[in-house]
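Heads up, there are several structures right after this.
Each of the next two complexes has chain A plus one other chain: chain B in the first, chain C in the second.
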Partner chain A sequence: QVQLVVPMTVVFGPGSVPGDLPKPLPFRDVQEMEISVNLRTSVKSRYEMRYRSTTGQEEAALAAATAREADAALHQLQDTTLGSLIMYVVPETSSLLPQGINVYVGKHRSALVRAGGSLAALQARLREVAQVMSFTASSIAAALSDRVPDGQLGPDARRNLKSSLGYEITFSLLNPDPKSHTVDWDIEGAVNRYVKPVLDKLSLVANFSVDSQILYYAVLGVTPRYDKESSSFLLSAHSLPHVINPVEARLGSSAASLYPVLNFLLYVPERSHSPLYIQDKDGAPVGTNAFHSPRWGGIMIYNVETPASPQASLPLHVDVDMPRVMEVFLAQLRLLFGLSREEVPPEFLLESPGNEGLADWELDHLLWAHTVENIATVSTTLTSLAQLLDKIGNIVIKDDVASEVYRAVASVQSAVTKLSLGHLHAAFQASKEAVTSSERAFFDPSLLHLLYFPDDQKFAIYIPLFLPMAVPILLSLAKIVRETRLRKKEPTKMD
Partner chain B sequence: GRMAAALLLLRLLLAAGPGPGRADAGRERRDALREELLLSPLPTGDVAATFQFRTRWDADLQRGAVSHYRLFPKALGRLVAALGVRELHLALTQGFWRTRYWGQPPLQAPAGAELWVWFQPTVTDVDKAWKELSNILSGIFCASLNFIDSTNTVIPTASFKPLGLANGTDHHLLRYAVLPREVVCTENLTPWKKLLPCGSKAGLAVLLKAERLFHSSYHSQAVHIRPICRDASCLAVSWELRQTLTVVFDFFSSGQGKKDWSLFKMFSRTLTDTCPLASQSKVYVDISPKNKEKELLEVSPPPTSVHEAVVQGDKKTYAVYDLLSPSLFNTSRSLNVQLKWKRPQDSSEMPIPTLHAQRYVGGYGLQTGQICTLIYNTHPYRAFPVILLETVPWYLRLYVHTLTIITKGKENKPSYIHYQPAQDRRRPHLLEMLIQLPANSVTKITIQFERALLKWTEYPPDPNHGFYVGSSVLSALVPSVTAMKDVDVEQSPLFTSLFPSSDGSSYFVRLYTEPLLVNLPTPDFSMPYNVICLTCTVVAVCYGSFYNLLTRTFHVEEPSRGGLAKRLANVIRKFRGVPPL
Partner chain C sequence: SRFWFNYRHMANTLSMYRSVKRLGIPDSHIVLMLADDMACNPRNPKPATVFSHKNMELNVYGDDVEVDYRSYEVTVENFLRVLTGRIPPSTPRSKRLLSDDRSNILIYMTGHGGNGFLKFQDSEEITNVELADAFEQMWQKRRYNELLFIIDTCQGASMYEQFYSPNIMALASSQVGEDSLSHQPDLGIGVHLMDRYTFYVLEFLEEIHPASQTNMNDLFQVCPKSLCVSTPGHRTDLFQRDPGNVLITDFFGSVRKVEITTEALSLDPDVAGFESK
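Now for the complex of A and B:
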């Protein structure tokens, strides 16, 4: 059983210590929680909490005017490793947190929590914060979505990208009508400005490569409906699934690498079909005019403003407003990595990650999920390999395959141990190695199922031998039976 | 004199570089697409249509982690960047270009699939990169290039030189392979068309209708990627992608026996608009007068201009239709170029190309054989050297001591020979020779071989069809009959700029001979099963009788009533009053 241990430090600011503490500060406490995935699999989460009071420096930092300043000042004092959390408890009347907000989650691995009277109330609140900042039952279930029985998962659970050693991100500008529009986009600048910082942060999780292309005459597979009232064209939500397939044929496969590809498509509709809007299920236009496809990527429709004078010469020159587009694509990227900020209770205030696009604790969130998923993947891979070996008895396991299997098992065991010690980063690295080794063993060409001759076919070839040989044997067996029966009858006859 | 000429040829091949690039006249775009179509009526009455789509990108593909593609296809760009490719030439061909009857083609390719690649000097494991590259290309073009392995890959030393910018010609960075058995069809054309910026939606590519292209006697599509100079000063590198497609329409099957052609007759489409991304879009028609007679061929509608150039040693006149000129589509909505002969052509006056070759398998029986190559030099007074590259699979065991080269009844000693013997199941034979061809001569090269016995799993499906031996490659600087001007290569139509033109007196030609089909001793493949059946039956019958013999119990049986004779005797005894037996 996998145990996820989150080291947590709870720091009581002056005047926030609840009255009903069981022991004098500092002391340690453990809270456990069981996340069950299916009947056989469950993950145990364990929060190892260390309660203490503030140091002088922290006290000074907490005296800042706003929560953001306090967070920045506190970050200087922290020595946090990946996966660990620090909660600062501030008095109930503190003006650090705005009215109605009880929890402030900073850019790093710390949060400010308003004291809530008794210790039990505080602990409930702390648990909530810890789950937001590390993992929730649903994020673990999404990571193990292959094992969760169908129907128990929410619609969003299969949206997250599978854990992989690397990802390729491709931005494609689709211009189906180059006769009317010459579209230019400063993708190079936009990538450097908006995508690079996020990916630099995510480089701990996986390797990323980014490229872009412009595709001409690439059309959506659906003809949009004309709406007279708004004199615009509409794509309804139920037709969106049919949009991607014809486009995908043009996107080109990532021949040079084996990593999954994330596609972000910017579609400039044809002149005869613009403006084009996406409708949601209720028929209202979607504000961003974009949609995403789980584990695949996102598509945004970028309408070109029709020129004031109809006599304007074609082609129309269009410069894409990159900040607007990248805002949508980055939001979709976060969504595809399972970093949506929607499921947070209203009393929480999350600091915007700023230029980096990703807070430290969000990175932890990703690492927790990916580590669990990697461990599950390795166990699935090794199990199916074992099943294959059981099925074909005479399969040859080469030494290098065997050593890969041993390495995978050792790595996955070390990943589980590291998780139960609370060493998230080491656990993630070990799980990554385990995935690499197990995949290499599983996809070794010498283990191809078809290389081995099934036994029933061998038997079929030797039928011309077995059948004529079986006839006299069977006949003589029948004779023996007859004779023994006769011999048994004979004594009774004598009597 | 021969040696000097040979050295000159080698040096010229080594120095093969591209011409000066076209300076970008202050344009913002860093990439450009030029498309061209050349229609050339062939002496036999067939017509050859050659498309060329040239994408030029003023960026260094090899550098930079983030790559942003516009006109250059991303799939190929990624490949070049990831695998350290310096130059890539892939040709997929169905049919055989009959040089003797059709004349020199704009671009030659052997039947089947041909791939040759120069890698960057930074690539440490060239064989691994080559293997990976052929697998990826196989995926991109849906061709069986994944069958390229060490048994059909060679490293030619002299025949293939970089056609683009190169600062070294260490031939260990070169790999060359031909798959003569490859069948080219629609599934190869579709991905090829997908690489074009306009797809097959606009411009000249509209004509590329698979149904017509493969209803032809020759179809060859190719992809050439090479680095070229960005401008005349050559301080920066640009990358060039040429996608070419040559198709020969048969005048009996496509032209209904008439030599009058039109775009619609060939492609069952006409040109209606241009690709808005192309900076040049032209149709050329070869209207060169033959034998000094004027204007044999009439084209309609009237061309935008007439262009004269010296291509492959011949003065050519082209009627040019510039699709980007606004006047062209003003008069009519579509362009359907028509070619009409003014008077019947005399087919006996077919011009014979200066260099052409022929190859066949000789000998009888299934043990030994002979490969014969005939190389013709029809130039009236000039001799020139030619490099012959012969790649023979290992299962034909060549005997090099039987190699004979005979010209005009005398032995012709090659001035350079590079021979790499085959290793069974590892690598093929490679024979490269530099041979001097005297003026107006036929050179016969023969070499004997022995057919090897393969293991039964090594035979391909339908082994009685025979085994293909790839075309041999002839590379030569052919002296031209007409003096050539030093033209601006970027401005001249089509292919003059892919191969270097050295000086005014000669031009570069690469020729491919016919692929060979050789029968190997082929076992009866149902034999093992028959043998198993027969042996099993025999064993079973023997076993059955032996088993019967061993398990049968013999015991004496008292006759209860006796036979007929005994009964008869008893009846007689009864009569006689004697007790019965």
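Now for the complex of A and C:
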């Protein structure tokens, strides 16, 4: 039984304490909920809340002009660990939060919440904030998607990347028309400046490796339509799925590693098909001119401006505007991991994470989902391994397979314990170790069921060989026994 | 199966490979196992070609064939290792089945077979029980979302009788007790080029393009007894969806789900610092 514990601190700013507190500050409270995944599996969530009032320094920080400044000042005073949350309650009439906004979520692990009159209203709001910043029933169900009965999963359920120990990211520049365009992109610089900070933040989750390549004469599989009104070429939304396949054959991947590959493609259309825009389902042009495919990667179309004079010499030199491209690719990377800000209630204001790419609480969101997914995977793997061993009675378990199984069991138990104590980081590391060990044990080459014959097959092979040989041997043995018995009887007879 | 007179088995497999590639599946997602080399066989009067239609109309061994397991590497053990994933760590990526719980897998097998077995290399067999167990191992680890199993051999229907894992659909070229027959000999090459069932499946697939909406029920109608002499069979009881709703391109082609990217980050080009190498 997995219990997810989120330690939360709720700090009441001056003038925001509700009148109906059950006990004087500071006090502790616990809120529990059960997320039921299927008939036999459910996950308990437990928010351990510690209510207190502000210290002098926090009061000074809350007196700032905007929510962002307040959050930055408060961040200096916090010491939140991975997985924990801290919320500051400001009075209902406070001007710190803009009009119509009741919650401001910062880019670390804190939020500013407007008081709601009674304690119950405040607690409802706090519960909402806590769910956005840690995990919701749907994010847990998505992590455990193979246990949810099929009818209940929405169509979007299996689109997030599965939890893996590492991911390979490949940036590819596709130039189908090198005669018209000579495209230069400073990918190394862009990776160092923009991608590395994001990957460094995600390095807690997995190992990332980054490659890049340029492909020439790689065309999209679909011919775009010419639209007279906008004098541009359009790719409609329903033709997009067919775009990826012809290109994929040429993308390649590293032969040595088995990690999932995320491909980010930048396509510079041919001169004869420029400018090229993507249309969404309603026929409106897409602002980013990009689309992505879950668990695969993303494609962005980069239009080259037509030169002022038609007599400009070909090939045109194109310097790719890397910040604009990276903004889209990194947004696609977030979406591939499942970090979307779309389901947030409208009265919430979320701080943009800036160059780091994701907020601390979004990292926590990923870690909660991946830890639960890892624990579920380990238990399925070990159960299946046990069933296999039951089925084939004479399978030989090598020592290293056995030790991997023990290690997996110990790690997963430690992960569940750490989760129930609220130590998310340690729980995640333990779950990663458990997955590594259990996969190594399950996929060990020596466990191929083909290599082990059931006993009846062994009899079937040896009996036709030995039975005919055994017949004369047994008969002569019987004859010898009879003769010795006769010989033994004779002396008594002669008496 | 080995030997020159089993030319048609190679041609069967290569024709399916060609159709599947034409409908969009890249080589990185195909594991092709050919037990013998017909194209470069000393008895091949037209070296480096494998034809599927007589009068040498169609060379299915073109320039773009990537064989992952060739010749003596095609063994029952390697096949089961690929399916279950219990592969030695030194195996390269192209020889592995890297599927996950959203992958639809198509398995096509052809050769000589009998009631409950398929011959590999003329010296060993894979039984229907082993195959069913391998699929169950795959299901336990969620290595497939849905699986389509097609087999073209004598008494092919016996091979799918033992399956018990969910989400498997199976097609076979003949029922238990019937033989699958070959299609046509080519007098120039001197052997039978294709088997009947696969030949008609191929003609059916030639009409499919990546955006087509043809479904599985049409595939079940391919090769009636009048053309095939044997009675093709299929099994759908383990499959959750109605075959009428399953598109051919769900298995034979590769059509990905795509979403429009509506958000972009805002990066500040001046703030980011450089990493020192």
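Here is the rule we use: the second predicted complex is superposed on the first by the 446 of 495 C-alpha atoms of A that agree within 3 Å, B and C clash if a C-alpha of one lies under 4 Å from a C-alpha of the other, contacts with A are read in each partner's own complex, and residues count from 1 in each chain.
Here, contacts are C-beta pairs under 8 Å (C-beta built on N, C-alpha and C of every residue); 3 or more make two chains touch, one makes a residue touch a chain.
Please read all numbers here as calculations on a predicted model, not as lab measurements.
Engineer: Taking the superposition as given, does A:Leu465 touch the first partner, chain B, the second, chain C, both, or neither?
Structural biologist: It touches chain B, and chain C stays clear.
Engineer: Determine, for the superposed model, which of the two partners chain B and chain C contacts more residues of chain A.
Structural biologist: When the residues of chain A touched by each partner are counted, C comes out ahead.
Engineer: If we overlay the two complexes on their shared chain A, which of chain B and chain C does A:Ser476 touch? Say first, second, both or neither.
Structural biologist: A:Ser476 contacts chain B only, not chain C.
Engineer: Is A:Pro178 in contact with chain B, with chain C, with both, or with neither (first, second, both, neither)?
Structural biologist: A:Pro178 contacts chain B only, not chain C.
Engineer: Just checking: does A:Ser209 make contact with chain B only, chain C only, both, or neither of them? Give me first, second, both or neither.
Structural biologist: The answer is first: A:Ser209 touches chain B but not chain C.
Engineer: Now for A:Tyr217: first (chain B), second (chain C), both, or neither, which partner does it touch?
Structural biologist: In the superposition, A:Tyr217 contacts chain B only.
Engineer: Intersection of chain A residues contacting chain B with those contacting chain C?
Structural biologist: Overlap of chain B and chain C footprints on chain A: residues 192, 249, 252-257.
Engineer: What residues of chain C sit close enough to touch chain A in their complex?
Structural biologist: Spelled out, the residues of chain C in touch with chain A are 24-28, 76-77, 80-81, 84-88, 92-94, 96, 98, 100-102, 130, 133-134, 137, 140-142, 210-211, 240, 254-269, 271-275.
Engineer: Hey, which residues of chain A end up touching chain C in the complex?
Structural biologist: 145-146, 150, 158-159, 162, 192-194, 196-197, 221, 237, 240-242, 244-246, 248-249, 252-258, 278, 280, 286-288, 290-296, 298, 300, 323, 326-328, 330-332, 334-335, 340-341, 352-355, 357, 380-381, 384, 387-388, 442-445, 447-451
Engineer: Which residues of chain B touch chain A once you look at their complex with the stated criterion?
Structural biologist: 65-71, 73-75, 78-79, 81-83, 136, 139-140, 194, 197-199, 201-202, 273, 276-277, 529, 532-533, 535-537, 539-541, 543-544, 547-548, 551
Engineer: Going by the contact rule set out above, which residues of chain A touch chain B in the complex?
Structural biologist: Residue positions touching the partner: 170, 178-179, 182, 187-188, 191-192, 209-214, 216-217, 249-250, 252-257, 315, 461-462, 464-465, 467-469, 471-473, 476.
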